[in-house]
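Below are two complexes that have chain A in common, paired first with chain B and then with chain C.
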Partner chain A sequence: MSLPPSLRTSATPTELELIASQQLIEIIPLIAMEKTAFISGAYGPLRPPHRAKVPIWMAVNLKLKKKCHIMAPYWLNTEFLQARLNEETTESGFSRLPFRFSEVSKVLLDVAPDDIPDADKLRYILKDLREARQAKSREGLANLDRGEFSLPNFCSMEINEVRPFFIRSMAILQQLYREPGET
Partner chain B sequence: MAPPPHELEDEETPLQKLMRHWMNERHAPDILPAQEELLASLLDHIRRQSEAVQLLRGEPSTSEEDHIRIMLVQTEVERVKFIVRSYVRTRLFKIEKFARFIMTNPEIQARITTAERAHASRHANLTDKHFHFSVLQSLPETQSHLDDTPIFMPPMVTQPDESVPVFVHALRECGPINFPDGSSLNMTPGYISLMPFASAKALLNRGDVELV
Partner chain C sequence: MDDDYFSIDAILAENQKFQCTFKQEIPDMGHLGGGSERDIRAQSKRQIPIWLAYTIIYSDWADFDIPTAFGLKVRNALKAETRSVRLSNLVGAGGSWYGFGKTTMDILNDEQAKVLSEMLTTTFKGRLIEVIDQAQHFAALGPVGASGNTGDFSQAFREGLDATERDLFTLAQESSKRMRRWHEETERSKR
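Right, the complex of A and B next:
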């Protein structure tokens, strides 16, 4: 078939990583490169030790060849995430995080744990954050109705996780409802 | 001078556009309007980048720096190819699924490319013929149709179901959106909501929202 059944209902986490990897990130290059035209735009010039902005996929590629150091984005540090976690556990709504924080943090922590300060502690906080938010989305499911359901500050990976269940639930609620006179 | 970050995000590159349309297509129950020009320009870009790589490779004295450059350009070409392929395949899947419906509906025909129309027509004909020769010809006349619309039963021709809920991510200020049950909603950029595809369709076609 043109589209395998596993891809029909949702995107896969790797596809979401591919999308997130198009975001720009700062690196400290260890090699020089002239400004080069890519399909997504022109990047460079790379002049060590000056910082440069490149897409995450490029940073990952260079990092795996030990040709750059990756600078963590402004939100990927213990202070910022710990503050969000505190918010998450004390307040009712979802705390405000970058839309693709889950994908980006996974990619960066996998490839460049040596460039990111407190990488191990960050992993713990991210895991706690994930669990706190998951619990909230499960509770939120009780408020689902057939018309519209707002999820402020819900993130890309979380949407993907709950998609099949939420969509199916809403479809059932729609079926249960009948316009007066439609019977 | 570099523009401030929020302006950078406003300006979508052709690749970002395609990625947005790719995900929209993946999540939408219906076939969305074809993006022929965008696709053509990206395919053209892929071809030019590949040619440039071939040219660079031909040069005898490639430094380490050039090697890495070539490798990065090739990596990107593969990424874009993957997205293009996945996008086209998603459309193909829907076209085969709704082939019979497409042939009877001029509105949906206007949304797809000539090649996609031709494929839908061939696919519908082939399956019709196959069903006819394998089963239908030996059934009584009243049972040998593929497009019956019996009461209390879903129609035999598969149609896109617009009531399927989708996750909507607002890109611009939009609203108020009116829902069939009388409620309405205003969305600010970044707003996330789960709503039936029928309610999100107009916003999606205007590019005010994306599906996530």
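Right, the complex of A and C next:
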């Protein structure tokens, strides 16, 4: 491929954000819209004040034009995330989180902090979560071996972050290993 | 560092020399050792590049010793503190200690190779965490440059990285930098 070396190993965070933005999210539209066909599917109709489910990219678009209010997904609140954070700090495995929680939470907290209760506190909890999980993955690095390697409940952004050097390290270890019986 | 004929890493890793003791006399080949003699006498030692040493050793014209880079002194130093050993000193700037080790391993018999393989893997695993840690730390610093308080140990460690570890360092640093930039980027800055 003709990509620069740094882009050959994994996707960029922006690309992952794009993929995550295809998820559906609930909004309260402030304008009316007929059922419109987009490339990925038909969404709408938007009839205020009824709620509607639209992709995140569309919700972000409307929100920036001040044409809707975004409803936080079931996991984007302090109770859920705080409970997960406690789980993270007390248990040794990774806690279960929505696969693309990092991307979705960043986008939503960015465009709609007024629609999401306790946005600031959420930012701190998310940051703590990220760091706790990063610390655990670092420990996992010490147990790296050339064979298989599994990190259950690891999320999209985190996988993307460690993929380049984890895979390279495993490849190097494979090279250094000497199969008994070879000449 | 693979067996791939075309792999640049493998080619560069073979840019090392083995100390070989010739068993027979070989006339007219004195130039191999870089000396000015015309013949190679039996029992004389020469430094032979790896790619040439393969053939010479397999054809049983010479024996070779385990290079100093993997000798007892280095082994003990690694056992004491893996991260303090400067691998770049052992193989020259830009060289790959691990690559050199692999090519050496390929020539050795099973037992010695196993020992060498264990030394290589233990060293690699031991230093890996430090490499990644430093890479992530350096991803945070702005273009203003290295801060003065990273400490002598970190700097010495970075200078002592061999080519393979340097690769990993760059990969990890790039990845961390991208993440950081993404987290700081906001919608307002994009639109």
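In the analysis below, the second predicted complex is superposed on the first by the 177 of 183 C-alpha atoms of A that agree within 3 Å, B and C clash if a C-alpha of one lies under 4 Å from a C-alpha of the other, contacts with A are read in each partner's own complex, and residues count from 1 in each chain.
Quick note on the criterion: contacts are C-beta pairs under 8 Å (C-beta built on N, C-alpha and C of every residue); 3 or more make two chains touch, one makes a residue touch a chain.
Predicted model only: the values in this text are computed from it and were never measured.
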Partner chain(s) touched by A:Lys106 [first = chain B, second = chain C, both, neither]: second
Touched partner set for A:Thr90, first chain B, second chain C, both or neither: neither
Partner chain in contact with A:Glu148 - chain B first, chain C second, else both or neither: first
Larger contact residue set on chain A - chain B or chain C: B
First (chain B), second (chain C), both or neither touched by A:Ser156: first
First, second, both or neither for A:Met58, with chain B first and chain C second: first
Common interface positions of chain A, toward chain B and toward chain C: 144, 163
Touching residues (chain side chain B, partner chain A) in the complex: 13-16, 19, 23, 26-27, 42, 45-46, 49, 64-65, 68-69, 71-73, 75-77, 79-80, 82-83, 86, 89-90, 92-93, 96, 163-167, 169, 179-181, 183, 185, 190-196, 199, 212
For the chain A and chain B complex, residues of the former touching the latter: 1-3, 7-8, 11, 15, 18-19, 22, 31-34, 36, 38-41, 57-58, 61-62, 65, 67, 99, 144, 146-154, 156, 159, 163, 166-167, 170-171, 174
Touch list for chain C against partner chain A, complex: 1-2, 98, 101-102, 105, 110, 113-114, 116-117, 120-121, 124-125, 128-129, 132-133, 135, 164, 167-168, 170-172, 174-176, 178-179, 181-183, 186-187, 191
Parts of chain A lying in touch with chain C, wherever the complex brings them together: 6, 9-10, 12-14, 17, 60, 64, 106-107, 110-111, 138, 141-142, 144, 157, 160-165, 168-169, 172-173, 175-178, 180-182
